[in-house]
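Two complexes are shown next, each including chain A; its partner changes from chain B in the first to chain C in the second.
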Partner chain A sequence: MTTISRPSAVVHVPPKSREGAEERRATWLLLGPALVFLGALSVWPFVYLLYASFTSYQLAIPIPIEWVGFKNFSRVITNARFLSSLGITLIFALVAVPLQILIGMGLALLLNGITRGRELYASLFLIPMMVAPIVVGFSWNLFLNPIYGPLNSFLKAIGFEPPAWAQSPDWALPTLVLVDTWQWTPFVMVVLLAGLKSIPSRVYEAARVDGSNRWQTFFHIVLPMLYPYLTVAFVLRFIDSFRVFDIIYILTRGGPGTSTQNLAYYTYDMGFGRFEFGIAGALSIIQLILLTVGTMLILSLAKRRDRAPAAGKALPPTVVSHATQQLQGANS
Partner chain B sequence: MASVTLSGVNKWYAGVVHAVQDISFRIEDGEFFGLLGPSGSGKTSVLRMLAGLERPTSGTIAFDDVPVQARSPQERNVAMVFEQNALYPHMTARQNISYPLKIRGLSKGEIETKVADVANMLNIAHLIDRRASQMSGGQQQRVAIARALVRRPNLLCLDEPIAHLDTLLRARLRGELKRLQRSLGTTSVIVTHDPIEAMTMTDRIALMRDGVMQQIGTADEIYNRPVNAFVAQFFGLHSMNVFTVSDVRDTPEFSGQCGGQKVLLPDCVKPHVQADRRIAIGARPSGVSVHKQGQAPRGADMLSLSGRVYVAEQLGDSILVTVQAGETTIQAMTPPSQVFGIDEPVDITIRENALYVFDGDQRTLRFASGQPLPGADRIASFG
Partner chain C sequence: MSGHVSPSPASASEGNRLMMTLGIVAKHAVIVLILALFLLPLAWLLLTAFKPYSELFTTPPTVLPVNGTLVNFSEGWAIGGGKGIGDSLIVSSISTALCLILGFPAAYALARRFPPHGQMSFTILSLRMLPPIVPVIGFYILFQELSLFDTYTGLVIVYTFMNLPLVIWLLAEFIRQIPKTYEEAARIDGAPWYRLFWDVLLPLSAPGILTAGILAMIFAWNEFLFALVLTGEKVITLPKALASFFLFQQPNWGQLGAIGIVAITPLLIVSYYMQRSLIRSFSVELGGR
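Moving on to the complex of A and B:
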């Protein structure tokens, strides 16, 4: 037998010596600030929110806080305003997100097809995404102003009778969808462009030699290879669409009436408009549950696709699991 | 299945790189044809033009004498096997192989039969439901070959199909591919940078360099009658030794100078010496003998010079000795019984019957293996 020592770095043995104790202390010292920060800004508010949702906490009325069990929840889900805001949230998600995916895919294909100046165009397209949502809200508010806005001046000048956009009951929600799409389509484009870049040119050439035309290549080969990227884009945009608040706050304030009041805005209104912290807490928890269930559903569908041909061997973790991590980050 | 004719084909990239320069040749129906050359020689460009992935800048390509250079790969009914990673990764082997049939609108039953046939032929029936990521490189290439053969193409284009596999597997697939091609009779073109691959698999070989065709012929023809020194050095398991001898004179003995060394030349070289008194000598390592200093035989039928051993490499059944003679290095294949030390002074001899003579610029073969070539002066010099 030889006596060559083997590398032992694989298993980390907890240090027991004095040096070890020092190392442990250093570990806590280094991690401590971050943990405190996380606890104070993320864990504690969540625990407090959970607690508040089961109490009669009202900031404006100095009554003692009482434990009310699920009363807040039952009050919320039987409320017509809740149901209408849930409907608006879902309509928003199911119109805006597919729209963004479609346009984003188109832009990504367009950019992937050009060789000269691709980076320049990509960065130009990214600008809306880099603007703070509140600024986006103000800019569009000016742009779409029915009286002073340049858009309506232009439309009137060429003979149209333009709507009042954000102030019109029929046009307010489409306007918000438009603004959100304007801002977030570039994100979808970037994700899908990365996906397109990951397809080797040989695959396209093989398809050409196999006799596949452009459409066949797109639907049979490119699109299936993009599924993981589409899943990521869809999930992230779906979550974000539930959180849309800034542009509603600036452009419509949930109105006219309650026509653009989504769950996020309704929750804000209950919490900081009426100081009903118990109700607002219950609303937040309900949204969290809805989002979690929704995204789990999407991911399990995506995973089933991924696994489709049963071959026994497990596939390497794909982008889907990456999306799961992102999601967990986004939910907390 | 078809014969393929290229005439005067040129390919320019971006108007600056002349990648393929005025190439003409014919591939017979059912022939296995090799396109050989170092990287950048233009061989892959020729293949891509045959496949229809690229258009020639000028010239014509004809299948069965019908010009096809403006047609798409589909219209030409060509199939191609790429170097690697060209399977559709989201599909199983079965889906990959059936794809070309599916988009041609064949019925499910037909597709199933054809896929099963080709899968059995290539021994991949047990892999048929795996995806690319679940297969080894060799298995993936088998699937790629199956995908190419399943629709019986007019022309099968193979772009270094086995270059990325390990040595043993490569050797096995060489034989398999050759048998497969023979039994199917599909006209096939393989691009390779490995002379052994080209020699072992194909019927005829076209050797290219820097976009220029050097020589077209059977392995035997190219090996034994290389048209120039480049072909001689590139083709074969071991590179041919080629060195230029200058200042060739007849008195006091027939000799010349090579990198500061005196070289005694055999009489057969005499008729080929040009006015500039230069000549290039070629000899394969197997034709070179190495002797201890002072022990070399002498004669008018052999070339001799002296040098020092640079390195001796054991190859098992022989030793490859590299000798430094002035500024020239010469490799010799010697029997394993002969042992030489590094820097040992030695004499080298090459017999007339192992000798090749090129002109002083190494561009044209003048004399090969003991017998003057018929019309040696007229052998095309493509350089």
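Moving on to the complex of A and C:
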């Protein structure tokens, strides 16, 4: 766990001498431009977003804009399409993400078991993550094409009757989950690989001396030590699962019917397909609330379970930073 | 490494070594097999890019192109891939430059003048977590008001907004790893803060700047939703070009495959080199391993 509580975490106290005032001015001079830029671009569009969601704002329709209060919100919440798109967003968050963590764990354990070539393998596994989601969607479209794609030809040749994947009502959503999992499992793998590498080999030796077998070692020693890394992987993937849009846009366009419309796609469709900016604005704000509450819930659950105070305290930024560095380093 | 004493140590350990070698070979075989299956869809994209039109729509499909051709690349360039590459390059490189210019001073201030992982860093990072669909409506109305819709400036501003939090945060993490002794030495020599910043820390941060810059570039290069909503006919980035050709025109998969391959190849090369530089630059953080 040395990587979690790094020695670099020394508190830097701003100097309080005569130069204090100048130092403070320098700080704001350095920080100011970025803060102004970020602040302006968070607040300004957000004001418009609020404005749209509480009025009868409709693009391209020259009707007088009226204040409607929470009417857009109540219209959204009582709509069946909202509930179904919420369900699909949750399927990405609560089915695809655990799947990614399970497979990512398997791959990380597999790669952790070898030494030579590990970096090369890891960087090859990471390729899907670097590819633009639009290109990912297009590749899978070719690969899964029911008539001209290689997979279905192969399945037919060995005697299966393959589904039409993205074009079939039953298989469209599983196909999207598959593609999302394909693209993001490597991320989980790299985070967990970093976690496995942080466990000193003497821990395994001590476990073996104490007579615990592989499974016991994994479940009682390795898994608890990986816990902060699992949390990081889960939180980051949970947050990102609300972003799924590109692969839906290119693989199913939300269809067949509305069977693969998640909240992001539904919002896009209301805003830029039907120009109902009031509804789309309300949907955006609902997503923001869901995402914030969900993330805080997961983090507080994780903290409660994590009894080691040092690790718990350092959980969000330090482990995230470590994991991100590992991710960007794409090293093992 | 076997813990128990066996009657004939030499032969037992030889057997163990054989078993271990076999085990390692088996593991490598499993990994290579998984990897091969895993990369199949991208391999298929690559093969498609080299197939002439006549080989695209056959059942069963030909695996390897029979009459391999490069014509898809030139045609893909002509139908809009070239414009897409140009626009993506313009938008992603300018926004990356802006991210670094705004982000490096801010990261320096956060790393050296605030407690580590202070509230400020976390607030900035949380902006990064926002799914693009949330701010896009507000940006759309704002851009209509300011006549920024379908302009390079508009997209550059959004991509800078999108990547700046991550750039600041990565650079701040990087600067925290740099020992303070360099700055202290310069300070004792009487250097003012801006000299510390410009002459001491900037050169030391070069690897971190490279990493953060490449990452911002990749995210801007791959971004789709903002480009889809906030631009029209004038600015057409590569992902948008690919999506609109695929969905709204008679698609020639070979040409689109060629565009796709051209879109991802630079990223794969760059990220491979980034990995090398990152292992070097973070070796301090990893305890010099």
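Convention: the second predicted complex is superposed on the first by the 266 of 332 C-alpha atoms of A that agree within 3 Å, B and C clash if a C-alpha of one lies under 4 Å from a C-alpha of the other, contacts with A are read in each partner's own complex, and residues count from 1 in each chain.
We take it that contacts are C-beta pairs under 8 Å (C-beta built on N, C-alpha and C of every residue); 3 or more make two chains touch, one makes a residue touch a chain.
Fair warning: this is a prediction, and the values are worked out from it, not measured in the lab.
J.: In the overlaid three-chain picture, which partner chain does A:220 touch, first (chain B) or second (chain C), both, or neither?
T.: A:220 contacts chain B only, not chain C.
J.: For A:250, select first, second, both or neither according to whether it touches chain B, chain C, the two together, or no partner.
T.: second
J.: Have a look and say if chain B or chain C is in touch with more residues of chain A.
T.: C
J.: Does chain B (first) or chain C (second) touch A:203, or do both, or does neither?
T.: The first partner, chain B, only.
J.: Counting only touches as set out at the top, which of chain B and chain C does A:139 meet: first, second, both, neither?
T.: The second partner, chain C, only.
J.: For A:284 in the superposed arrangement: first (chain B), second (chain C), both or neither?
T.: A:284 sits against chain C, while chain B stays out of touch.
J.: Kindly classify A:26 by the partners it touches after superposition: chain B alone (first), chain C alone (second), both, or neither?
T.: The second partner, chain C, only.
J.: Which residues of chain A are in contact with chain B in one complex and with chain C in the other?
T.: Looking at chain A, the two contact sets intersect at 208-209, 316.
J.: With touch defined as at the start, can you tell me which chain A residues reach chain C in the complex?
T.: Where chain A meets chain C, its residues are 2-3, 6, 8-12, 14, 22-23, 26-31, 33-35, 37-38, 41-42, 44-49, 51-52, 57, 107, 110-111, 113-114, 117, 119, 121, 123-128, 130-136, 138-143, 147-150, 153, 156-157, 182, 208-209, 239, 242-243, 245-246, 249-250, 253, 263-264, 267-268, 271-272, 277, 280-281, 284-285, 287-288, 291, 295, 316-318, 321, 324-325, 328-331.
J.: Tell me, which parts of chain B touch chain A in their complex?
T.: 51-53, 72-74, 78-80, 82-92, 95, 99-100, 103-104, 129-131, 133-134, 144, 147, 157
J.: Quick one: which bits of chain C touch chain A in the complex? Just the residue numbers, please.
T.: 3, 24, 27-28, 30-31, 34-35, 38-42, 44-45, 48, 56-61, 63, 102-103, 105-106, 108-110, 112-117, 121-122, 124-125, 127, 129-142, 157, 160-161, 164-165, 168-170, 173, 176-177, 193-194, 197, 211, 215, 218, 221-222, 224-225, 228-229, 238-239, 242-243, 246-247, 253, 256-257, 260, 263-264, 267-268, 271-272, 274-275, 278-279, 282, 285-287
J.: Any idea which chain A residues touch chain B in the complex?
T.: 200, 202-203, 205-213, 216, 220-221, 224-225, 227, 309-311, 313, 315-316
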